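In this document, chain identifiers A, B, C and D correspond to the written order of the chains, with residue numbering beginning at 1 in each.
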């Protein structure tokens, strides 16, 4: 199921283990007191339509570069100790993991702010696209709030 | 290492698995799109002192009741789908898990707000106490910001 | 009988973890602190000076709360759970 | 030679995933959209009407960006990653 946790920025087909990713981040410092994680998962409903599958595509290299920029800016702007970001591509079933952001810091406040900023920024600047499969067929999602 | 994930409110000696707790919460609904978790861990430094161990004590029954009240209020006030709260007691080494809050919702925004509120409220109203062991001895922590 | 519980740092001050106090009628918090003062003067002082939080039957209470036979009263130092 | 990439919904519009365009000198985005229009009129229109985002060498660009020989130009529909 899970893959190597070596890199703090990853775009991968395989699922990941939240526990493993958190443990990898814990190794960065003995002074971590707060860890906020955001995990995005596949919802069954989207604008009233029943979704049967999701499918993600990314622009290789550019997407990874954007995630690394988000990581660096989060560390710099919010004073967290570190951050990891993982996004899956390919087919995703309902309930499966899509994206994980782990923000580790000395105290909880900065990790909440950094984590919430990072997922919003990821949606805004990272070249990743979602295709939803419903009973009506497949559609690329063009607008995410 | 990990224990049963049956109850959504637990105070326990044993460690927990973040992945297992998240997977247990995912089973609540097929419409979960966002999961925010806060994990508190043992920091080495506190007010300039090097900590070698932490030790948590709780008021049995009352502490569990308070956590359940926090869970219910978070669901009601923030529109999340569900929440689980786990706090460990007994000796905790540096880097180990202390407390976990998992907030699941249809969208991410409410899960961030509910999770951040819940950890602040937990610190405010839950009869749990922390003892820090440093080179100078053991002290009960009387004030947490 | 009233059960009295002391937690964390208050155990050191009260020099005990739990006490049982026989009462004939309901009593006020002031009366309880007088009784406690006999065995733990410093603890009695803490209660009178409102330096501790109080719960009765696992609900937060205050110095106006009346204590009935069978109640569980707990004296609680500032909480420090969470991380 | 310029490499042109189409992602997600734009692949359907351009009817291709990737194209290679020979150029003798640096060209403007307008010139590139004219070249693209020859094979994919609708895609050319999308670019001129600024209905798509553009990256050059994996950095965001715009209609003023000059494209050099060897560059990788990508046309990007609105992003929808994240969850």
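Rule of thumb we're sticking to: contacts are C-beta pairs under 8 Å (C-beta built on N, C-alpha and C of every residue); 3 or more make two chains touch, one makes a residue touch a chain.
Every value quoted in this text rests on a predicted model; they were computed, and no experiment measured them.
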**Message:** Please report the smallest number of touch steps linking chain C to chain D.
**Reply:** 2
**Request:** Spell out the chains that contact chain B while also contacting chain D.
**Result:** A
**Request:** Find the geometric centre of each of chain A and chain C from their Cα atoms only, then give the gap between the two centres in Å, rounded to an integer.
**Result:** 49
**Request:** Provide the C-alpha centroid distance between chain A and chain B, rounded to the nearest whole angstrom.
**Result:** 22
**Complete:** chain A to chain D, mean C-alpha position gap in Å, rounds to 27
**Message:** Counting only residues that touch at least two other chains, what does the list for chain C look like?
**Reply:** 83
**Message:** Show the residues in chain A shared as contacts by 2 or more other chains, in ascending order.
**Reply:** 33-34, 40-41, 43, 108, 119
**Request:** Just say which it is for the chain contacts: an open line, a closed ring, a star, complete, or other.
**Result:** other
**Chains grouped in pairs wherever the two touch, ordered by label** = A-B, A-C, A-D, B-C, B-D
**Asked** Mind pulling up the chain D residues that touch chain B in the complex?
**Response** 83
**Request:** Give every residue of chain B touching chain D within the complex, in rising order.
**Result:** 33-34, 108
**Message:** Going by the contact rule set out above, which residues of chain D touch chain A in the complex?
**Reply:** 5, 7-9, 55, 58-59, 74, 76-83
**Message:** Taking the touch rule as given, give the residues of chain A at its contact with chain D in the complex, in rising order.
**Reply:** 40-41, 43, 56-59, 61-63, 65, 87, 98-99, 119, 122-131, 140-144
**Fill in**
chain A residues touching chain B in their complex are 17-20, 22, 26, 30-45, 94-95, 106, 108, 111-112, 115-116, 119
